[in-house]
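First the structure, in the form of structure tokens, and then the observations on it.
To keep things simple, chains are lettered A, B, C and D as they appear, and every chain counts its residues starting from 1.
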């Protein structure tokens, strides 16, 4: 009988190969990949020192926010190292977009981050408008900002529930879903769908504001602040919550910049980088709002920062409603779009950070290359820095505080 | 549009740029050779009048004849996006230096570019496939990788097996694709 | 084909069943009669001689049977109360207000496949839920529900109680170890660490009460709190009460200390690999534990079955049915029909839609309700234990509600915070409480 | 966090207790149907105008725009000559042969119920006028119609039914009762034993396919 490495055994473990004994199969219950290590890092990770063991968290774990698999190397309750394994939700959106025409491509980007779909439409639409040199009507821009900020609130409200759920609180997730459901119903009245809105068009938006949307929005705005504050009161003063989230997963500014972080996760370290101000687009330069920042850079700061952003979004919505101009909602464009050959890069500030699209046109009706940059993808890799040294209970808390959405991570 | 940035870039890098500095809308674009990537990006990152501290995006591009790596940078000294195109990587064996020494966060983006285009980033400590399964052998975002239902562009009206689409370029098949009418 | 075979063939299926059952029943009856005749006297004599044993067996059976409905009730409470706090309706389909949903859950758990994973340690894996459940049920034995209503009145009742409660951790460790799953193992180890740590403040906080009562028997501790709310130990031992409540929450693995089955961290902890009724045992044991924790809190600190105030006008029921003589017969014969007619007549007279027989049915139902109410009221007034039971259950379910309420509100603590809290805060506080109580007793007794 | 330890917990508990008594927000589906906004486009459906005809003009715009190509549609062009189609090849009309339809559980078109071909109805109207639109003189009308057309077209029978007020069944029954009345043109009746035109077309198609496979001729378009 020849000697077999763990990799050989693992390759046969799932089959009914009689040559593999039960003891050997039992050994392969470790989540060691059934092939030789590809990089030094992988080889280093899959080597156990004394007292360490692997725990395979996901892809069916109750709280990995989608289908994420994290291989944890733990020593007792302490996480020594971890290796996120992606790709369970990979759909090849970029390739599909390159095989669809410009209008169809927006449909594909829509379900990338199903929590905040409007932002996934916004950046490709802006990139295509740059390619086409289209001026978007002002009313359309106002409607975009209005709908986008509503979606941002919905996303942040859901974040609150998720974060609390991963810390063991049962109630906030349902309260935040009440908030989100109201916004989503509102957006359904505006866009026609609850989740994958597909509302932004190249050169404008799909439909004008209607009565149902406005009445729902008015009802909600009158009670939004008090309702959101009351929901947060459960967590913000809760000693257990605060003690768990404070000082957990701390990132300093230099590391955050080094890890290419953007959005609330970067602002929680003290950098007031917000694409809406740093590189203004749409009508944001005309609006009056603040960029909340915090300096702690821990999970609590990230949570509180998002709660502050909800208030700023409410301000923006208020201004949009007050200053909404009349006019067309679509620029005049041909039915079939053939931009001149060229390149365009458009970035927007989403609820999770900077969504960006890099589109290359070759003069046909399909984008030659469409690169989609998703903030969740970039933020998820920081767990490799934040997690080691923490306890298993905190892995989910840290991951939730970074607020990744696996649809966007896996593209 | 920041005209000063163009002058600064031309003055600083001059000879190293392989193409003219282009500016359109709010984007500034420079082209460099892949070998110069670490040096130029380090200069862009560190020098006080440039200070491009944020790497917004890292993308691979297959132009059909060569590979590119495209970096998008942002700096607080100018409001523009700076697009750095490392052009002219060979399609057979695309290799580019990694920028993980500057931005550790580029690691996964480089892994993605490797997974999708097969671009090898020298210096990335963990360059393995990130989306596709490890036993997968093709590079899906290359332009000679066709979707199974995209039969009209495939030679012979059929579908080429996915596994044949990577590796050494088949010049004959390539020519056939280029000539095939886009019916 | 014999004659018997042919006859058998001609029988219908019910016939076949009867043809088997009737002779079998006859034989068994005869055998039983014979058995009773032969050794019945001796057995009865033995039981009469060992009455405490009989009492113990009966009490254990009743306690065992009682746990299931009370667990169902608490599960339903948990579903409904947390749902209402979440601004949803919760169960509302099965039964009135969805109250039968937990029963349906129980049936579902019974019907599910009982799955043992490959490479699990089968005997340990199988025994673990039984150990957990039995330890819960056994500790119920010493809990006094009402005057005279308790399984066994040990003079070391409290000690027995904590010993049995501590046995739970053995079952959890067994489950965690034998499942061959790392999440189970982590859950089992967490529960071991947690239960062992919290056992100490739990026990030490009770010592103050024991000093005050001068006994370890829970029954006597409750008796020591007789009187009004001012006599309850919660007023004399508020610190001990706080420590005890926190520690007992941790002992019962309830939020915010439910680390052993933290679903967002370690899937379901020790119960990850369990399914079917074996999981049901764990599940029931958890809710029985909630009941026990609440009951013990009530018994030790909240006066047990004692009413919170002294009823200033004692009511004595001097009802002596025998005194009526022959009148009793007439009352029993004529009373019900007369009352039924009297109660039903108004409906017949006031509403022309109601027919007379319908009015009679209404009257019958009302009469029954009245009769039951009268009997219960009589029992309430004349028997101590009915009053006591009602007070005890009322107080206990207030605490059960508190546990559920906490679960609806609080997030979970981390394992290091949990352990640090036990050793750095609860243990010194309980020791302080113990010394202060002892000193006070010394001073007062002098 | 407040100065008093545990105050935050107590506040949270008070908040949940207040929510305990607040009105609930769950929709009690299915008793209470969900509110769907007029703009909701979750359900795809074809619209009808006030005359009950489909508004869809088979312009294929929706099918072209659909990114996942889930729409397939067929119809005739504006002149009513050619069947046009959009969609995956499995759903092309050519593939809708009898056995395939039967396998897929769809209804199979019956030849007997084929659409009748339109004819020039002026002779029938003249005959009806001569016969004073009298249903009692049906045999006379039918004989004259056969004399005019050479056979009894279905359209003519319908017209007679309409003109005289007799039930179509009665007209049809009368026509079938008498031997001298016939429903097919004389030539078609003679060729009734030969394979039907449908079969002949299939034969053409098969031979063309055979030729294409053997390389005799290149097929002009795609073979589906």
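By our rule, a contact is a pair of C-beta atoms (placed from the backbone, for glycine too) under 8 Å apart; a residue touches a chain by one contact, two chains touch by 3 or more.
Keep in mind that what you see is a predicted model, and the values were worked out from it rather than measured.
Student: Can you tell me which chain is nearest the middle of the complex, judged by mean CA position?
Tutor: A
Student: CA centre of chain B versus CA centre of chain C: separation in Å?
Tutor: Roughly 68 Å, centre to centre.
Student: Could you state the distance in Å from the CA-based centre of chain A to that of chain C?
Tutor: Inter-chain centre distance comes to 47 Å.
Student: Roughly how far is chain A from chain B, going centre to centre by Cα mean, in whole Å?
Tutor: Result: the chain centres lie 24 Å from each other.
Student: Would you mind listing the residues of chain D that make contact with two or more other chains?
Tutor: 9, 12, 15-16, 19, 25
Student: Return the residues of chain C touching two or more other chains; collapse runs of consecutive numbers into ranges.
Tutor: 85-88, 408-410
Student: Scan chain A for residues touching two or more other chains and write them down.
Tutor: 96, 171, 175, 178, 234-235, 238, 240, in rising order.
Student: Looking at the whole structure, which two-chain pairs count as touching?
Tutor: Chain-chain contacts present: A-B, A-C, A-D, C-D.
Student: Considering only the defined contacts, which chain D positions touch chain A in the complex?
Tutor: These residues of chain D touch chain A: 1-2, 5-9, 11-12, 15-16, 19, 25, 35, 37-42, 65-67.
Student: Which residues of chain D touch chain C once you look at their complex with the stated criterion?
Tutor: 9, 12-13, 15-17, 19-20, 22, 24-26, 28
Student: Quick one: which bits of chain C touch chain D in the complex? Just the residue numbers, please.
Tutor: Listed in rising order, the residues are 81, 84-89, 92, 405-406, 408-410.
Student: Where on chain C does chain A make contact in their complex?
Tutor: Spelled out, the residues of chain C in touch with chain A are 82, 85-88, 119, 180, 182-183, 186, 190, 255-256, 258-259, 262-267, 407-417.
Student: Would you tell me which residues of chain A are touching chain D in their complex?
Tutor: Result: residues 96, 100, 103-105, 107-108, 171, 175, 178, 185, 188-194, 207, 210, 212, 230, 233-235, 237-240, 242 of chain A touch chain D.
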